[in-house]
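Chain lettering (A, B and C) follows the sequence in which the chains are written, and residue indices restart at 1 in each chain.
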Amino acid sequence: MSGFKGRDVISILDFTRGDLEELFDLADEVRLKGVKGRPLEGRIMALAFFEPSTRTRLSFEAAMKRLGGETIGFTSEEATSVAKGESFVDTIRMLDSYSDIIVVRHRYDGAARLAAEVAENPVINAGDGKQHHPTQAMLDIYTIRVLEGGVDGLTIGVLGDLKYGRAASSFILALTHYKPKQVYLISPPQLRARREVLEEARNRGLNYREVENLEDVIHELDILYVTRIQKERIPDPEEYERVKGSYRVTLEMIERKAKKSLKILHPLPKVDEIDPRVDTTHYAAYYTQAKLGIPLRTALLLKILA
Amino acid sequence: MSGFKGRDVISILDFTRGDLEELFDLADEVRLKGVKGRPLEGRIMALAFFEPSTRTRLSFEAAMKRLGGETIGFTSEEATSVAKGESFVDTIRMLDSYSDIIVVRHRYDGAARLAAEVAENPVINAGDGKQHHPTQAMLDIYTIRVLEGGVDGLTIGVLGDLKYGRAASSFILALTHYKPKQVYLISPPQLRARREVLEEARNRGLNYREVENLEDVIHELDILYVTRIQKERIPDPEEYERVKGSYRVTLEMIERKAKKSLKILHPLPKVDEIDPRVDTTHYAAYYTQAKLGIPLRTALLLKILA
Amino acid sequence: MSGFKGRDVISILDFTRGDLEELFDLADEVRLKGVKGRPLEGRIMALAFFEPSTRTRLSFEAAMKRLGGETIGFTSEEATSVAKGESFVDTIRMLDSYSDIIVVRHRYDGAARLAAEVAENPVINAGDGKQHHPTQAMLDIYTIRVLEGGVDGLTIGVLGDLKYGRAASSFILALTHYKPKQVYLISPPQLRARREVLEEARNRGLNYREVENLEDVIHELDILYVTRIQKERIPDPEEYERVKGSYRVTLEMIERKAKKSLKILHPLPKVDEIDPRVDTTHYAAYYTQAKLGIPLRTALLLKILA
């Protein structure tokens, strides 16, 4: 476990394909055989959620508690001394002296990296700014491994807000560790992936193409990764309605055009970007994906702390 | 324990008198002998409180933790991805995959039943809509059993907002499992018990009568169950003040008219519907009732999960 | 441990110097050797934070959890039945019946004392009103013991809002248990220590002097205890800026005038009353002080509950 022991988890690019596969092997073990005893008894995780989160926070908490560990922390900025004007760095220093590991979510890019510089104990980025959400990306790749055996050779679409959505960016960066046959980045022009993400993808040899219409490529896809288009990203309401409509994944479109073996992923929560009738079909893999968050994060905590 | 194992707790009517007595027997054991070891170690309870609650939530948490289990969850809707537009059903699905049991509170009737349909693990209704709060009703009946040996043969008054108050409705429904001598439903005309509750009571043979004045019946009562009349239920402020005044339980009225053995219950929190001077008299049973919430809910969790 | 067992912690004046030294001896043991096993397994701490807090709350939580205990509670008034109009006393009664110890923070003077009168289990004051924050004062004195071997014979400055700041008042009261050579109370005229605090200090023989300028006395100090001056305390904005500026601790002033061995304490959170360049110098003892909150509160919980 040397590759993870005591390590910070800030960006998916800090890890190698080998690291990830080692992590996924342990996640498989946790998933299939469970965890024996209380390996993290007496250890404390600090949750520093400066931005609200349900899924990421609760899955980290559940994983820690199943391992016999405990959590402290806060779930929104208002409830903290940050509201009294305390600096981010002082808040992190405090948490660092009260706990064994810090899980940070923050709206600003670079917050988790800064926390890791200040803290002596490991820091896990639970999403900061527009770009990094490494444990989500690990989960996404792990889900594909569980469903399809691996990422290599697959044709993968990433749909939605590729500019501001940190889950989408992290997923694209994670794909650069692998050799998918083809990656389609599907978004309206205003929400195309950021230049720094595309450059990284190009430099690392990812075979990607930017397209505007899902309908043009859906028949090729093995995996469709859907993300939400948030209203506030597109100021003009008419434009928003148009965009939203044309990026909605309907059951009709899937049944008419997609491969029978297509799997749809989504970091969740979803609002109406996927037709709810899809939820109960074999295409929907997002509930499985959410469920895999527990073994994946359990394995990660074991790797870092045990 | 077959009657409870893995079971949902949605309405008090889903249980038989036999189920309840079996539960109360275990609650007695927990209360008098304590719990040995950590029978729920490694198990996780998800608290899905879409509406705030202190007493119900904290007694569930304390019971779970005393049993060696753990909790995750949220205590208000704003703090969740529901605020981002996620559906109730998706939120429940997530919690279901992160935990072993879900405790739900929600302002809408039927929310707990819907959660139970979606979730694979057991769901406990911690109060939904205007009608159901089954663990409160269990606690109320259990309190009467502890104080009086049982409900059969007693004369019982239920006072206050019988229309919108879910604790009062659940208590009335719970009484239909027993044979009280007489039940008085005491409320202003605007806040009489709902038709569906009264029909259920009638069909199940409960000997009840609706009255408007506490003073007319207080001398007969063995148990007086008081609930709060909320300001927002009576739009006209003058009318509200009049109603509130005439449904206030004063020490004078009790000392002048009630049996010396009268016991007053209240689901709490109370505001000013009971004269605070009553708090320290032998009539006040509501603090005992609150305290019994721990053994009762401990027993319930053991029945369902152990 | 007879002096603490089952005891309330309301004011630092309720304890003797002997009590404190006994507590600090155990804190040393916890700090240097750790805690064996889970001495508080099955015990529950109720957090009754009617006012928000991060540091005090999280250090109590972390201490309790490291000892194998558990916590329940609330972290702001809005989230509780107090918001529905429940009395403080009823809320405390409820928590008392659900837990083994209550930690209270409240904006009103006397709230913790009232809670202790109502509750059967021990109550710890985590700060109430303008005057009492006994566990902070214990921590402050303990920090000085760790850094300097003890308080006797030292020259100590207390800077900032001595009128409304409960940490400063409690620290001054705590000093009366010891024999510092000299205590300087340094504040603007509007924010001088309250008469009752000064009377107590005088009656208990504390050698103190009130001064207005830090610069006049800084060269004498072994310890400088800094507290925040809150904007709302000084209604006139110009006056506030002037006051704030002249009570700011700068690196220049320290390097020019202070003893090389000066240690600066602060209850934290700090905003801008200390130049951030001081943070990384050997003068800054406030992060050490924050860290010592864990062994100190761990020792206190052990003394009271074990």
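Criterion: a residue touches a chain if its C-beta (ideal position, glycine included) is under 8 Å from a C-beta of that chain, and two chains touch if they have at least 3 such contacts.
Quick caveat, the model's predicted, so the values are computed rather than measured.
J.: Between chain A and chain C, two touching copies, which fits better, same or different residues at the interface, with half of the numbers shared as the threshold?
T.: Counting shared over all numbers used gives less than one half: different.
J.: How many degrees of rotation bring the Cα atoms of chain B onto the matching Cα atoms of chain C, given to the nearest 5?
T.: 120
J.: Once you find the CA centre of chain A and the CA centre of chain C, what distance in Å lies between them?
T.: The answer is 41 Å.
J.: Two or more other chains in contact with one residue: find those residues in chain C.
T.: Correct list: empty.
J.: In the complex formed with chain A, which residues of chain C make contact?
T.: Touch list, chain C to chain A: 38, 52-55, 58-59, 61-62, 65-66, 68, 75-76, 268-272, 276, 287, 290-291, 293-294.
J.: Okay, in this complex, where on chain A does chain C touch?
T.: 41-42, 44, 46, 70, 72-74, 79-81, 83-87, 90-91, 93-95, 97-99
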